[in-house]
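Notes follow the structure.
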Amino acid sequence: MALQYIFELLGTYFFAISGALALENKEQDMFGAAFMGFITAIGGGSLRDILLGSYPLVWIGDINFFYAILAGILTSFVAWNFVRKLKRTFLLFDTVGIGFFTILGVEKALRMGVRPEIAAIMGMFTAVMGGVIRDTLSNEVPVLFRKEIYATACLSGAIVYLLLYYFGLEREWNLLISSSVIITIRLLAVRYKLSLPTLR
Amino acid sequence: MALQYIFELLGTYFFAISGALALENKEQDMFGAAFMGFITAIGGGSLRDILLGSYPLVWIGDINFFYAILAGILTSFVAWNFVRKLKRTFLLFDTVGIGFFTILGVEKALRMGVRPEIAAIMGMFTAVMGGVIRDTLSNEVPVLFRKEIYATACLSGAIVYLLLYYFGLEREWNLLISSSVIITIRLLAVRYKLSLPTLR
Amino acid sequence: MALQYIFELLGTYFFAISGALALENKEQDMFGAAFMGFITAIGGGSLRDILLGSYPLVWIGDINFFYAILAGILTSFVAWNFVRKLKRTFLLFDTVGIGFFTILGVEKALRMGVRPEIAAIMGMFTAVMGGVIRDTLSNEVPVLFRKEIYATACLSGAIVYLLLYYFGLEREWNLLISSSVIITIRLLAVRYKLSLPTLR
């Protein structure tokens, strides 16, 4: 569990960086960047907890998340040019992040006693809604509606987790396998520019 | 009450279809359409319940709403071209939907013990906020700010319901009459292109 | 406390006016303007209360806030041209409003038992999030990401309040001083067109 906690803080840290860098092509000041970093990092988990009625929200109950976010924002300020060049590294971290947060979101929803169908939605929301809020505030159509397979990967991994969960697989193995499903789908989609069909 | 429940599920089903079709002029994949359908269907009721602190949210507590949404999304996938041609039928269903959901929202708010002024707002939010969230995520100014009388019809019907409620009218009759007020105002507004004056 | 209550209602009144005037350059009808006024006035406080799990929300528990909002909307309808010419007066009211609401938000968060870092964020959210929601719904990049120091002023005042609070300063003095910090920073920023550096 100590390892999981460190991963959660790290994931939060990377989400904050991705949010702080989001406005790069728009007029913005440093505060705007920090604000975006903050919203992106707390958005998905907060929405999940509010929908489930689970209080206190994670980042309000445990101040370490606040400092992980602050560290992410400072990193993006100090290493702005450096971080932006690391697009590939960044993609990797983001992908590991959504893989991990999806499954944690599913587990939290199950602990709150909801049905598995709802838990799958909550897992996906946890991973992607911070980015949706970030994009909406930046006045963009959220990437999740127009890019390579992203939220679909999260939803697939959530469903895999739930199947293995009901087959009785041990939690640690399940976390590992279903996160890997998300990460693999996402990286393949980026590598081969896969996307879902449109409706026309 | 059985009839009311069927109507609620049907309304949710139609909201999901209207959301899934919302992005038609934008780049999007099937997942984006499904995501929009989901958000549109749960948006208004979820916002009402979160503002009132009423847990669990309807679609989390009762899995049938989840399947009604799923059915709506699948309908829009399978019958995409067909559904889009039925603009008139669709308008009718949407209008019946907002008429019905407005009054259910008012009733739920009253049961939670809020004042009638607040209940009227909650009724309107229930009917229109799913669409507002849908439009905001699609990067459009919400239709409700620029189109024919829509939310105004909901608010008017909510006020009629509350007046008749305090006059002691039986619930079934009241539901019927005040929903009809909403539906009539809305259809007349569309038919005769009525809109409220602007501020200039 | 009676004086504070009057200020809260007045602040809500001015927020409603600022929201109702927000769409001035867009197509809109009177209802759209009223809706925006309402959302702007309740947005920041509602988000704070929902994040903290503090129910009932202020405007739901106390109907006077509803009527303060209604009065603000009616004022913007009746005195539309007049109010728009008073840009300077308006700036002053808005600035006093954010100064005051920030500190009230900090105090409420502290009473809910959260850490001071979180309370500072909550104070800022209370003051600025109504405007962020207003701008997002109007399909604009929120002013707070592109204009003179605004949210930064709120955050600074919140931090001053918390420092003086832990030094043991009496509450009335603290409220006065830290609100003044916000108001002063904001007015200086507007007067001398100060802004924070961008990241490039």
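Which chain is which? They are A, B and C, in the order written, and residues in each are numbered from 1.
We adopt the following convention: a contact is a pair of C-beta atoms (placed from the backbone, for glycine too) under 8 Å apart; a residue touches a chain by one contact, two chains touch by 3 or more.
These numbers come from a predicted model, not from an experiment.
Any chain bridging chain A and chain B, meaning touching each of them, is among C; the list is complete.
Chains compared, chain A against chain C: the Cα-based superposition rotates one onto the other by 120 degrees, nearest 5. Note on chain placement: the centre of chain B and the centre of chain C lie 30 Å apart, centres being C-alpha means.
Residue positions of chain C touching 2 or more other chains: 50, 136, 139.
By the touch rule above, chain B contacts chain C in their complex via residues 50-53, 114-115, 117-118, 121, 132, 136, 139-142, 144-146, 149, 151-152, 155, 195-200. Contact residues on chain B toward chain A in their complex (touch as defined above): 23-24, 26-33, 35-36, 38, 46, 50, 55-57, 59-60, 63, 66, 76-77, 80, 136-139.
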